[in-house]
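In the two assemblies presented below, chain A is common to both, partnered first by chain B and then by chain C.
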Partner chain A sequence: MTEVFGKIVLYWQYPFVRYALIVGVLIALCSSLLGVTLVLKRFSFIGDGLSHVAFGAIAIATVLDLTNKMPLVMVITILCAVLLLRMGQNTKVKGDAAIAMVSVGALGIGYLIMNIYSTSSNLSGDVCSTLFGSTSILTLTQTEVWICVVLSVVVVAVFILFYHKIFSVTFDENFAKATGTNADAYNLLIAVVIAVIIVLAMNLVGSLLISALVIFPALSAMRVFKNFKSVTYCSAILSVSCALLGILISIVGETPVGSTIVAVDIAVFALFCLIGMFRGGVKA
Partner chain B sequence: MKKMICMINIIVLLFTLAACGRQTKGRTQNMNQEKTVSDILAQADSEAQDTGDTAKEEAKEESKSPASVALDGDFDVDLTVLGSTIVYAEVYNMMMTPEDYVGKSVKMEGAFAVYEGEERNYYACIIEDATACCAQGIEFVLRENAVYPDDYPALGENITVTGIFDTYEEEGNSYCQLIHAEMES
Partner chain C sequence: MALLTCQDLSLGYEGHEILSHLSFEVNKKDYLCIVGENGSGKTTLMKTILGLQSPMGGSITMGDGLKQTEIGYLPQQTVVQRDFPASVREIVLSGCQNRCGLRPFYNKEEKQLAEENMERLGLTSLKKRCYRELSGGQQQRVLLARALCATQKILLLDEPVSGLDPKVTQEMYHLIEELNKKDGITIIMISHDIEAAVRYADHILHIGKTVFFGKTEGYLKSEAAYGFMRGDGIA
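Let's look at the complex of A and B:
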């Protein structure tokens, strides 16, 4: 135990470890807030689809040799989020089929572009790092940390300011529309915020594991708590705690960061399932 | 009103968390103020001239290279005490911001690799990350003349390398390496 504590103290001296913990906490907080909404709206898989889109966007940015990939990735992901939302409503390709189509399409085209045009000497490393996060969270620059802080503040602010509208659109969209709420606009806002979170979260767990960050805390909280506010609070606390614990375990135990966080999320979900069995909670 | 107070609290909390960045800046500035390779070499030469009254001591000091003076005792960057995840991140930082590390004594452990160039060979110590899909390496130039492959280990063999971190230009590109290096396999 003393050895583990000594290691944490030693690693704390490294700025990239502090950056990782700050960014990890912020991303976990943002993803958990919207996670509850996504799970309740039956949009759990949209995070996965958008993360694959982000992978395709990163492939394009890599081929274009852009120093800062985030703006391009952000724009493409937001556009696809809006597109998915529209496709899910008034077109022939609806809901899960639209997400699946965009998801695998972006993943396949992204990898194809990287294979054909990439000048990197370590293509498999680049792909692996983008898909599983690898040590991306530990190689952030100060600028990237600040971008993450600003975007996280924006996401949290949007969630607090529009909490009641998001709540009403989440639970009963038709009722919200009937009472004069512009549900389409709020759905669009949710889609944009989700896209921002996905792009941020790619640094933490990689594009394949983002969904875990979005849905596990919400599902765990729903095992025990019954109302929207309690579930949101619990989800945020669980998400932040799991991210912190996962990062620390991965640093001390020398395991991959993203998959360790997901493993902690799964363990907490199992624990909350057991607690829920004794107390009786809401089923998603 | 409650919403506004909540918002302000969250923003303050987030910026408080992010405030750690300033400490890093300070650390980076301190790193930049630390010795360069030439400083270490000059200091070692000066020490070699000052010490040793007797002929025996002078001979002993002269035979002690600047690098070996720098590598005695603690290392500025000892990568062997770090876990694989942190090592990878630290080596990545050394490659991305070499100016923060120039002149520092480094000790690292990893797999031996060699790239046989047209004019010379490039020897490196390679470190893999925890997912084993990414690898970072640092080139090293041994202090004593060594002939490849006789004086070097087999490819992929685990080696420990010590040396002083430095950068050099070649064909318009900047590269990092450990100079005055010593290797154990």
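Let's look at the complex of A and C:
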């Protein structure tokens, strides 16, 4: 135990480890906030679709050899979020098929672009780290950390300010609309915030695993808690603790960061399912 | 002036017209039931009145200082709501949203209003309970309390008793009647239950192949009622 502790203390002296922890906690916090809404509004697929779009965008940014990829990736992902939301609302084009099309398309084209234009000697390593985030959390520059901090604060502030509106729109969109809440605008806001979170979270867990970060804490919290406020708090706390624990385990055990966090999330989900079953009442 | 006037209304969606040249008006303290076969456009009519979709022709005018956002609405339950982790209080309070505008949080008055409406519908003891654990009748009362937070003038109810057992159905009807008679809230209700409709409502709007609008006594003698009440059109 002391050995493990000693190892953590040793690593703590490196700035990149501190950055990773700060960014990890912030991203986990942000991604958990909208998880409940996403799950309940059946929007989880948009999250998944967007993460693939973000991969395509990263590929383009890599080929253009940008030093800071985040702004470009952010813009492309937000645009696609708006697009996907519009398609989801359009009853003539089937929403889920359209989303599958965009997401798989972005993945394919992204890999193709990387393959054709990339000058990197380690192509599969690049692709792997974009998809599974294996190292990017440990190679953050100070600018990226700051961007991440600012965006996280914005996401949390937006969520707190619009908490009650998001609740109404999630619970009953028609009622909200009928009583004068601009539900479409809030849906758009939710989609944009999701896009921001996904781009942020790519650093932590990579594009393929983002949905897990968004959805697991919310699902776990929903097993046990029975009102929106406690579910939100619980999923935020769970998400942050799982991320912290995951990062620490991965440092000590030298496992990939993203998948370790996801594994911790899954374990907690199983635990909460059990707690929910013992407490009874909450149906699966 | 009437609370709500529909003039030569044509309704439909995606270019299909399902109802045309519909005219009727609803006055203060009226209790109007909208009846008709499945697919005759009852829900579409309600969505149009609520401003969720625009009419294909004609006009809807609000009178007596009624604003579009002051219509309380009791929708049919959605799949999302059935497993929604929210307490009764949170849901009832969300009915006050239209009073908030851009203000992010509820003020004291709104919280008070939510408490009063929970009291009114006998929900006070349930207020911390989770919505998805309540019985069907209790859930309907929660949604009714939320609608009452949004309005003091007019309620639109979309099949409020569907899926409820006979006893709870009776209670629901009594509750609605009380809101109408005692509190003077105008009721517009979509109903499949034609017998209850003619018993409680003072006006009937029948839509479908034959259209009727008028007092309930008149409806009972009309041709529209004849075929419908015999059970021809009831699905």
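Points to keep in mind about this one:
FYI, the second predicted complex is superposed on the first by the 278 of 284 C-alpha atoms of A that agree within 3 Å, B and C clash if a C-alpha of one lies under 4 Å from a C-alpha of the other, contacts with A are read in each partner's own complex, and residues count from 1 in each chain.
As a working rule, a residue touches a chain if its C-beta (ideal position, glycine included) is under 8 Å from a C-beta of that chain, and two chains touch if they have at least 3 such contacts.
Quantities reported herein were computed from a predicted structural model and do not represent experimental measurements.
Overlay on chain A: chain B and chain C fit together in the combined arrangement.
Contacts of A:51 after superposition on the shared chain: neither chain B nor chain C is touched. In the superposition on chain A, A:229 contacts chain C only, with no contact to chain B. When the two structures are aligned on the shared chain, A:220 is found in touch with neither chain B nor chain C. Once the two complexes are overlaid on the shared chain, A:161 sits against chain B and chain C alike.
For the combined arrangement built by superposing the two complexes, chain A sits at the apex of an angle of 170 degrees to chain B and chain C, based on C-alpha centres and given in steps of 10. When the two structures are aligned on the shared chain, A:211 is found in touch with neither chain B nor chain C.
Within the superposed three-chain model, A:179 lies in touch with chain C and out of touch with chain B [touch as defined at top].
Of the two partner chains, neither chain B nor chain C is touched by A:62. Of the two partner chains placed by superposition, A:37 touches none, neither chain B nor chain C. In the superposed model, A:18 makes contact with chain B only, not with chain C. With chain A used as the common frame, chain B approaches chain C to a shortest CA-CA distance of 7 Å. Taken together, the two structures place residues 160-161, 163 of chain A in contact with chain B in one case and with chain C in the other.
For chain A in complex with chain B, the touching residues are 7, 10-11, 14-19, 22, 25-26, 122, 124-125, 128-129, 132, 134-135, 138-139, 141-142, 145-146, 149, 152-153, 156-157, 160-161, 163, 250-257.
Partner chain C is touched in their complex by these residues of chain A: 36, 40-42, 91-92, 160-165, 167-168, 170-172, 174-181, 222, 225-229, 231, 281, 283. Across the interface of their complex, chain A is touched by residues 14, 47, 50-52, 68-73, 75, 78, 80-81, 83-87, 90-91, 93-95, 97-98, 100, 104-106, 128-130, 132-133, 146-147, 150 of chain C. By the touch criterion given at the top, residues 3, 6-7, 10-11, 14-15, 17-18, 20-21, 23-25, 27-28, 81-86, 88-90, 92-93, 96, 129-131, 133-135 of chain B touch chain A in their complex.
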